[in-house]
Amino acid sequence: MNYYVMKNNQRINLLDIPTIEFNTLRAQLAATNLRPVSFFGSDWGQNVKLFVVLADDEKGELLVVSSLIDKNVKEYESITKDNHQYHMFEREFYEQFNIKPLGHPWLKPVRKNQDDYEFFEMEGEETHQVAVGPIHAGVIEPGHFRFMCQGEKVYNLEIMLGYQHRGVEDLMVKKPSNQLAESICGDSVIAYNMAYSQVMEELSGMEITNKAKLIRRVALEMERTAIHIGDLGAILGDIAYQMGKEVFGVTRTLVINTMLEISGSRFGRGLITVGGVNFDIDKDLSKKIVDVLNNVKNTVEKMTRATLKSSTVMSRLEKTGVVSNEIANELNLVGMIGRSCGINLDSRFDFCDEFYKDFERKSFNATNDAYSRFRIRYKEIIESISFVKKLLKKLEGYEKEDLCVPVKNFIPNSFALSVVESWRGELVHVATTDGEGKLSRYKIKDPSFNNWYGLSMAVRNNGISDFPLCNKGFDLSYCGFDL
Amino acid sequence: MDNNLMLTLFNILILLLAPFFVIGIIKKTKAFWSGRKGVSIFQPLFDTIRLFKKDRTISTTTSWVFNFAPAVVFVTTLLAGLFVPMINCYSIINVAGAFIIFSYILGLGKFFALISAMDTGSSFEGMGASREASFTTIVEPAFFIILASLVALSGNYTFASLADVIKSNGTFGILIVILAVVSLFVMLLTECSRVPVDDPTTHLELTMIHEVMILDNSGIDLALITWANGIKMVILMALIANLIIPLGIGFGLSVGLFLLTLVLLAVIIGTLESGIARLRMSHVFEFVFVMSSFALVVASLAAVKMYGI
Amino acid sequence: MVDNITMFIALILSIAGLALVGTMAILCFTKAFSIVFLGEPRSEKAKEVKEDTTVSFIVPMSILALFTLLIGILPQYVFAFMLKPVSVFVGEINCEALQFIPLMQVVSLTAFVIIAAVAVLFAVKYVFKNKNEKYCTWGCGYNKPTSRMQYSASSYASPFITMLTPLFKKVVDIKKPKTIFPKDAHFEMHMEDVEEAYFLKPFIKSVEKFFAKFEKIQNGNIQQYITYGLVFLALALVCVVILG
């Protein structure tokens, strides 16, 4: 098998990546059972170079390969035909470079040309369609959902996104900055900024201090805690369990107010920069964080116990929105949603992060329904709080180090990638530089890119009034998908 | 007849003004359980006044039905309220067989509300209308059974049969009153869309029953419909009050107990909304069937009392 | 008031039945009226429908509708009017029935009050002189709504039908989307009565099967029919000879 094997957060020489003929690539991909984490095209002179990155989660390695496609070749034989895990990647590739995958079973627009989107329709006069969005009654992001229903039962759901397509990838190549990276997805500020900064540091060959690395990870885990607590409250709000909604809402504020004390922004904007971090966590602040998190942990534990005792809540959560293990595997669901369906992927542990190596990786008993998605958030909150405490303890040893190292120029002809476990799942940033040391391509894959189709599958054969519960349980990013 | 005039005025005042305050108390109770101060109890009144001043947006898909329906809903609800006794068994219109005409007047309002919702051609509103229509088929027969049993028990064809059930029937009376009150409470939760049947504060159209039927109404139409829904809640609370409050106590005490019952029921609804989650749609039907089963038990208890089995 | 327990049970059942009939009528007529007349046209044919009725179609139906309406808003006169022919069968109408004349007067009064009040309120709405802006139905801001995004008749009745599952036999022709990338799907349903489906149909089928065995007799061959006639005549002659 012809691949270049690399690790997470590594820079390799762009020209070292093997370039093979497309049909060989296709056969190679068909022969392996590793999943794709990145699949994108890049302008390469007169042609298009297709990069494919596969993940070997057991060994913690990433396998890169590429293929050169002539621009005049307007089509190729689709890989999705044989392996459904590539379905979204091929649709995106078609939309960006107009090279058609022949035989793709679901070739529809991803982010643009929404007027050309043809929805799947169920024949029969007795069925009706329910169209929800893009404007929703609550203050949430725009997206269009098309349900095929008969009575109260949903037989199919199709989701059309792209309303917030801002052309981030092109902007990133022209004017890369931390501020841009933070603003791509407003609820994953730390994760996006961390992935971006790591990619930039790899491309420049910069080695940041341990202190900065630890502070970044503390912020990442705190972001995870805060968002998960907010989600628990939102899920309970959707089923009208007011007590839970209010308590979790208040508790989340405690966590993000602590983030405010660290970085001056409740969501952590401005904390991370290329070369390190901008703010320090000294001994007093560290103690304060630990106290707040202990308090939060107690409240969350108490409230969750009370919630799970309530039979009305449990009757809503159990057996709602089930996604089977087979479908989850077929669609390559990642992150928290994948773990709640039995797909045990966590890039913090799979790619052997130097600090997480010492932490215990606990297993989760997945039941694939909304209850599972509720429980996994609870589990990750408790875990993240303990991780923060351990990371802060480690931080004490690096008190004397600098926060930042000086910024260097990019190394020409480089290929770097960074996989960060944001609270939704694996976030992948890939960047390449050209011969003059300028950025030539920046590719982002949000975990929602894999997971949106899972939501369509989860709602099938459920009542339509259970859809908001499924949607909140998944809580996927619209703007992270739309880029 | 001064007394009758006072009672008539009291009935009308309660019908027109109590809806706002009852909803205000429910919101205050929910705020209390959330640890918040909450809006003032006058806020629903201010909101309705504000709606009266607003312009309307009318959908091009709708026809005369949409324009017409809010007026019908409001008039029928108010008129139905005239049949309901509040204190001392006094109702403004008192006639034998009142509960039948009461139900059918409300049914007329409901019919227009349903076709007005379907008129907009929106699948949300159709969804709400279909759920509403199905719940009515469970609620109405149960209501009729309860009232028919009470009529047979007291020999009085009017709503006065609700009064003094305990006094005339001893232990059976207590059981019957408890079951009837719970049944009417479930009917209140269903007709007025409270938790666990529906969540009135939700923004999710796919889960709503009543609110989604009025999604396209605006301005004075919306004001009339919200007011009418509040009046319906007060009417059902008044029926419950009639079962609980004994006759023959003085005017002042009756008024006090009546108002206290309204407040207490509002607080109970608010507490229930804060403490339990909304049921899955298929389970809501089972919940409403509680009303039918209790109604049948009330009928059996009445039979046992009358024919001594 | 009610003499014995049988009367009481009859009372309870009949009143529950009355209420059920009333609510089912609401469900049925809101469904029929709204699917046919309201909302956006639900099919191409519905969009292009043209009125080709004349006055002679409408006037008779209007007269019948008017009579129905009169029974509703002036019931006391209709009731008094009907008492005479009914008393031919039942003898003198006793006081219990006449007790309800005042109720009917109240019903009539209420009907007129409703009509008057609605008219007044309707007029008041126009007096309020607020602007009425026209726009399309709330479709969540989606820019390409289709007429299929409306409730269908079968979906409207579906929650109620689900409650009555033991009374009907649902014949469903459904192809659900099962795979991740479904190719097509359809749904068709109609209801059959339980007696017809589980009793009458099997009975009729077995009778048919039995008689199908005699198909050979009726094969349309004229010669065979003449043979039957000859055989019958011969038999008849033999019988006459033996018995007579």
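Points worth noting:
Labels for the chains are A, B and C, by order of writing; each one numbers its residues from 1.
Keep in mind that, in the parts below, a residue touches a chain if its C-beta (ideal position, glycine included) is under 8 Å from a C-beta of that chain, and two chains touch if they have at least 3 such contacts.
This structure is a prediction, so every number in the text was calculated from the model and none was measured.
Across A-B and B-C, the chain pair carrying more C-beta contacts is B-C. Most remote chain with respect to chain B, judged by CA-atom centres, is A. One simple way to say how far apart two chains are is to compare their mean CA positions; for chain A and chain C this gives 54 Å. Separating the CA-averaged centres of chain A and chain B is a span of 48 Å. Centre to centre, using the average C-alpha position, chain B and chain C are separated by 30 Å. Touching of two or more other chains is recorded for residues 139, 149-151, 155, 158-159, 162 of chain C. In chain A, the residues that reach two or more other chains under the touch definition are 128-132, 136, 151-152.
Across the assembly, chain B contributes residues 123-124, 126-127, 130, 281-282 that each touch 2 or more other chains.
Within the complex formed with chain B, the chain A residues making contact are 128-132, 136-138, 151-152, 236, 238-243, 246, 250, 310, 312-313, 315-316, 320, 463-468.
Contact residues of chain C toward chain A in the complex are 42-43, 139-146, 148-155, 158-159, 161-162, 176-177, 180-182, 184-189. Interface residues of chain B facing chain A in the complex, by the touch rule stated above, are 30, 33-36, 123-124, 126-127, 130, 195-196, 199, 201-207, 273-283.
Of all residues in chain A, only 84, 87, 105-106, 115, 120-136, 142, 144, 148-152, 155-156, 327, 330-331, 453, 457, 460-461 touch chain C in the complex they form.
Residues 52-63, 65, 67-68, 71-72, 74-76, 79, 93, 95-97, 101, 103-105, 107-108, 110-111, 114-115, 118-127, 129-131, 133-134, 136-138, 140-145, 148-149, 151-152, 155, 157, 215-216, 219-221, 224, 281-282, 285, 299, 302-303, 306-307, 309 of chain B touch chain C in their complex.
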